[in-house]
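Dropping the structures in below, format is structure tokens.
Each of the next two complexes has chain A plus one more chain, namely chain B in the first and chain C in the second.
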Partner chain A sequence: MRIRDTLENYVFVLPAVVIFSVFYIIPFVWVVQLGLYEWDGILPTKIFVGLRNFHEIVFQDKIWWQSMWQAGYITLIALTLQNALAFLLAWACDREIRLKNFYRLIFFIPPVLSEVVVGLVWQWILDGHYGLLNHWLSAIGLGGLARNWLADPATALTAVAVVHSWKGFGWGFLIFLAGLQTIPKELYEAARVDGANAWSSFTRVTIPLMIPVAMLVGILTVLGTMQAFVLIIAMTGGGPAYHTQVPVLRILAAMRGSSRFGYACAQGITFGIILMAISFIQYRFSRKARQV
Partner chain B sequence: MKTALYYRTKRIGINVIIHIFLLTVAVTCVFPLAWMVSSSLKTQETIFKDTSLIPSEVHFENYYLAWKEGGFGRYFLNSLLYTVSVVFGIVIVSSLAAYAFSRFRFPGKNILFAMFMAAMMIPIPGSFVPLYVLLNKLHLRNTSLGYILCMINVGLSTSIFLLKTFFDKMPKELEDAARIDGCSKLGIWWNVALPLAKPVLAVVIVFNALNVWNEYVLALIIFDSKPLMPLQVALMTFQGEFITRYPLLMAGLTITALPIIIVYILMQKYIVKGVTAGAVVG
Partner chain C sequence: MEPAAACCKRFGFVVFTFLFLSVTILGCSAQKAPAKPTITVWHWMTDREPAFQALSEQYEALSGIKVAFELYAPSDAYSQKVRAAAQGANLPDIFGILGEKRDFASFVKAGHILDLTPFMEENAGAWKNSLFAKSLAVNEFTPGNSYGVAPGIYGVPIDVMTIQMLYNKDLFRQLGLNPEKPPQTFDEFLSVGAKIKEANMQGLVSGWGEMWMIDCLANNYAFNIMGKDKVMATLRGEVPYTDPDWVKVLTLFEQMQKSGVLASGLVTMVNKTAEQLFANNKAVFAFNGSWCVNVYKAMNPNLNYGAMLPPKASDNYPMAIWGGAGSSFMVNARSPRKEEAVKFLRWLTASQQQAYLAEETKNLPANKESLSKIPSLLAQFAKNMDQTTHPNIWGISEFSQVIEAFDKGIQSIIIGEKTPEQVAEEVQKVKERELSRSRGSN
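== the complex of A and B ==
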């Protein structure tokens, strides 16, 4: 009876465990294994090369490091511009204000759309010949600024970063708003009784209480933005001349472009370790900030 | 002296500034979509000249062309099939597991649950490379089943987490009563627990549906043959082949985005809930 009961319990978790083992654990093990081989993905023979793939990534692959810095640049813009905007909007909505629900509805439209849709629509708006942005610039007499935004190495990466922030600020907005709403109104009243004006109650009450939330949004932004790449495929495909390449695009290129499966897996491991290191550092920071 | 009128004017002034700020951002959120719809109603001849948001002539035939000639009708049905199957799979598989993790005792329970949770924390960038190899070995590459199983796995951990958290807080009285009445464990799960979990199931369904409908990279590496492709991959393929056919492309984009926007507007409550719950996970 006891044994039957336990077996019955396993039936409940069995489908989940089987799917998870096949489609998560096996790929996880294979990434680590394949990273040590040179393999084109087709031939049955894999050549063991030890850590040579990693050596190549770290010391020789300049485009890999360029793509890493570029992902870092997009992340920096997302961390500052996008999150500052998200916070300001949440702060503006956290009061008795008309149309609050309407704003909340609208601000989360870009995040629910797919990266392909967003990327292709913005590519059309930023198009060098017929794009709306250039048309408007010349209409207001700034035709000199018009350019092929996504084909110009000077602007392509920033354009991608701005569109990424446009697509993403709604997440931060919702989380910040939820955080602001947990601050008890009594705290603001107490501050006012003590003679604080709007500005000092903002800097002395709102900001300190929002630091843990800001840390959380920060971690989510970094992990999400560093790994973003579909939007870039849709906008530039990684060009012009590698100027909008990011690590995951390099992995995809190593796999599909040059058929180097082992190298692609080694890139995946390298990038995974870097991401874990970043989130660990951020986690330590946020623990410290919480103790203050 | 500062009168009541002064304070009132000041408050209204601040409100006006706040509304201008919020409205400006709201317009930038909606405008690209309006421009997408507007472009989809122009023709190949007028699209490069007519730069007004409201087209001088409206051409709905682009939608007919995109649906038939561009093949978006087929891709739409593919996306619909994948989304429905994956969400159905996730709901059944993850609610079974979450119910067991919440209610039953069995050896290895904590380790198994920790495994699912660890999968949410550990990023494997480029996990599509081994998945491609795996599906090739299983002869599931370029099949709908292969894609559906992969996507069920993608949504599994988060869904189990959300459902288990809900079951943990749910009172057990009704289930106890059902057990005394002689209901089996599976019967209790299906007849008692699942109906009570409707609010959190809605979050799980909406989030996974958006996720599958919008998924791109796994579909890209799994499907070679066009008749199996979902919308996202088909859009990129179409754009690569007919780089200047903007009206048709914009019609295809609208066909892709519209269901998402409708679902979002109808289910907004659950999405907001999901975002805040998801944030707690991180």
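== the complex of A and C ==
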């Protein structure tokens, strides 16, 4: 009877296990396997090259590492600018202000827009010839600052990072807002009774209790931003030269441009390992922060 | 026996008898004539879809064979679909391949594409002779080709294209230039740059953010400066990219940038944006393919422009432009309907159908006999067909990584980040790395 019950349980779990295996585990194993081969994606034959693809990525592919640093730069902007903005707006909307539901709606519009549409709209705004930004700069007497923001290597990556932050801050806003709403109001009342002013309540009550939420938002921001590419394709296509290339664009270039599917898979695995390492460090860091 | 059980038994007998009789009667009835096959065609050409559908209806009325054109766009998605279908051995009867000649060769070697040479050479080569030789060459593998493919013709060109320069006649007038005399030499071209800068206009626009068009213009000038043989020797690894002639090619881009003849933001510009700027009289020059006639007509029917060859930078060798087959169709070698597929392609590339396609889509027809029926601007593009070349007819391909380093290097020159010499050295390093990797694989 007990065996029958156990079997029944397995039968119930089986469909999920089959779907997960077919769509996740088997493709993952294949990707790892393909990373050890040189293959053009068309011929039925593959050449086994062992770890040569990984060696090339780590020691020879300078553009790959440039793209990693650039993704890191975009992530840094997102972690600071985007999350600071998200937190401040969430904090403002958590207070008793007029039209707070309207603001909540407005702040969540950018994340639900298509990345391609956002990319193209910002491309027009930042265009060097007819862009709105240059037009406004000229209108307020700062015409000297006007430039082709996306074609200038000095500004292209930062422009992409700022647009990415604008597009993504809504997610952080929602999570921060949910986090703020879980802080018991009694804590603020107790702090006030103890003589704490608004600033002290913020630094002594809100900030400490929001650290776990901030860590979660941080991990999600790192994972989401490091993998960003649609917005970049729409805005710059990875140019000028290699100035806005990010790892996912390099994987696409290896697969579609060079027809090196094995190398692209090896890049994907390397990238995955790096992301896991970053997430692990963040997790350890968040545990320590919670203990403090 | 209980009455209920007897009733069930009787019911079962009736059902069995009914089924038996049904199967017997249907089995003995006259067999229906087998339906005519449906040929499936996969393509990515959004602008040609209505014309293809109309031709499909005509062909069905004529032969009784239905041709199902299935559009998969954009081209990137199409390309992935074809590769995935090749892996699963479920390619349609007819399909096109987007990519380099190396990819085309892999499809042939994997047994996915039918050798059309016997069909082309039937009736003293009537089919072959009706098509532009250059467009066929793109689909051909010659004896001793570097890809190791059995010699033969493996694709049918549907249309041809050339990539040239366009100039805006109205803006030429505004600059005080003769609209009937576009610049012939590179120096004349650079001198227009000074006028463009002075008038605060935009110069040359093109899809150089997508890179392959930069490669196209650079190769035009490589042929002009050093000739085909030296370019081929470079591809074989016998001449380095640090050779003074290659540095000279790269220097042309630096000169263009400094003269003001290039539009600002060109290095991240996609071709669609370039087309919009040129069509709306916002740019003096464009570097674009013959398909642009249709695009410009849709964007601005009153656009007053002309086509010209890129101004030559040297008198040593003739200027070459990219051209040949614009798009081609291949027949699936494993298709049970391959004979019908070949017949359909023969019909599709016949003079009348080609003239219809040219009229509807404003693309240059692949059939030579249809040329008399095309618009005059398109005829200007067709006029330079003899000067065309294309990487797919060279018999050897450059490594994709080298092409990327070369094109990105030109972008770096244009944005003033690197000198031509630096770029030449970097490209050569990538070339050497790829050569040694390729020797290692072999």
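Before moving on, here are some points about what is shown:
Rule of thumb we're sticking to: the second predicted complex is superposed on the first by the 272 of 292 C-alpha atoms of A that agree within 3 Å, B and C clash if a C-alpha of one lies under 4 Å from a C-alpha of the other, contacts with A are read in each partner's own complex, and residues count from 1 in each chain.
Throughout what follows, a contact is a pair of C-beta atoms (placed from the backbone, for glycine too) under 8 Å apart; a residue touches a chain by one contact, two chains touch by 3 or more.
Quick caveat, the model's predicted, so the values are computed rather than measured.
Aligning the shared chain A places chain B and chain C in steric conflict.
After overlaying the two complexes on the shared chain, residue contacts for A:A86 are found with neither chain B nor chain C. Contacts of A:P110 after superposition on the shared chain: chain B is touched, whereas chain C is not.
Of the two partner chains placed by the overlay, only chain B lies in contact with A:W122; chain C stays clear of it. Of the two partner chains placed by superposition, only chain C is touched by A:E38; chain B is not.
With both structures placed on the common chain, the touch criterion links A:M215 to neither chain B nor chain C.
Of the two partner chains placed by superposition, A:V205 touches none, neither chain B nor chain C.
Looking at the shared chain after the overlay, A:R256 reaches both chain B and chain C.
One of chain B and chain C touches more residues of chain A, and that partner is B.
The residues of chain A shared by its contacts with chain B and with chain C are 41, 129, 256. Of all the residues in chain C, the ones that touch chain A in their complex are 76, 79-80, 83, 86-87, 99-100, 102-103, 106-107, 109-110, 202, 209-210, 263-270, 277, 282, 399-401, 404, 408-409, 411-412, 414-415, 417, 433, 437, 441.
Contact residues on chain B toward chain A in their complex (touch as defined above): 15, 18-19, 21-22, 25-26, 28-30, 32-33, 35-36, 39, 47-48, 51, 92-94, 96-97, 99-101, 104-107, 112, 115-116, 119, 122-134, 149-150, 152-153, 156-157, 160, 185, 189, 210, 213-214, 216-217, 221, 232, 235-236, 239, 246, 249-250, 253, 256-257, 260-261, 264-265, 268, 271-272, 275-276, 279, 282. Those residues of chain A that touch chain C in the complex are listed here as 38, 40-44, 47, 49, 56, 60, 127-129, 148, 150-153, 156, 236-237, 239-242, 253, 256-260. For chain A in complex with chain B, the touching residues are 6, 8-10, 12-13, 15-17, 19-20, 22-24, 26-28, 30-31, 34, 41, 85, 88-89, 92-93, 97-99, 102-110, 112-118, 120-122, 124-125, 129-130, 132, 135, 166, 171, 174-175, 178, 216-217, 219-220, 223, 227, 229-230, 233-234, 247-248, 251-252, 255-256, 261, 264-265, 267-268, 271-272, 275-276.
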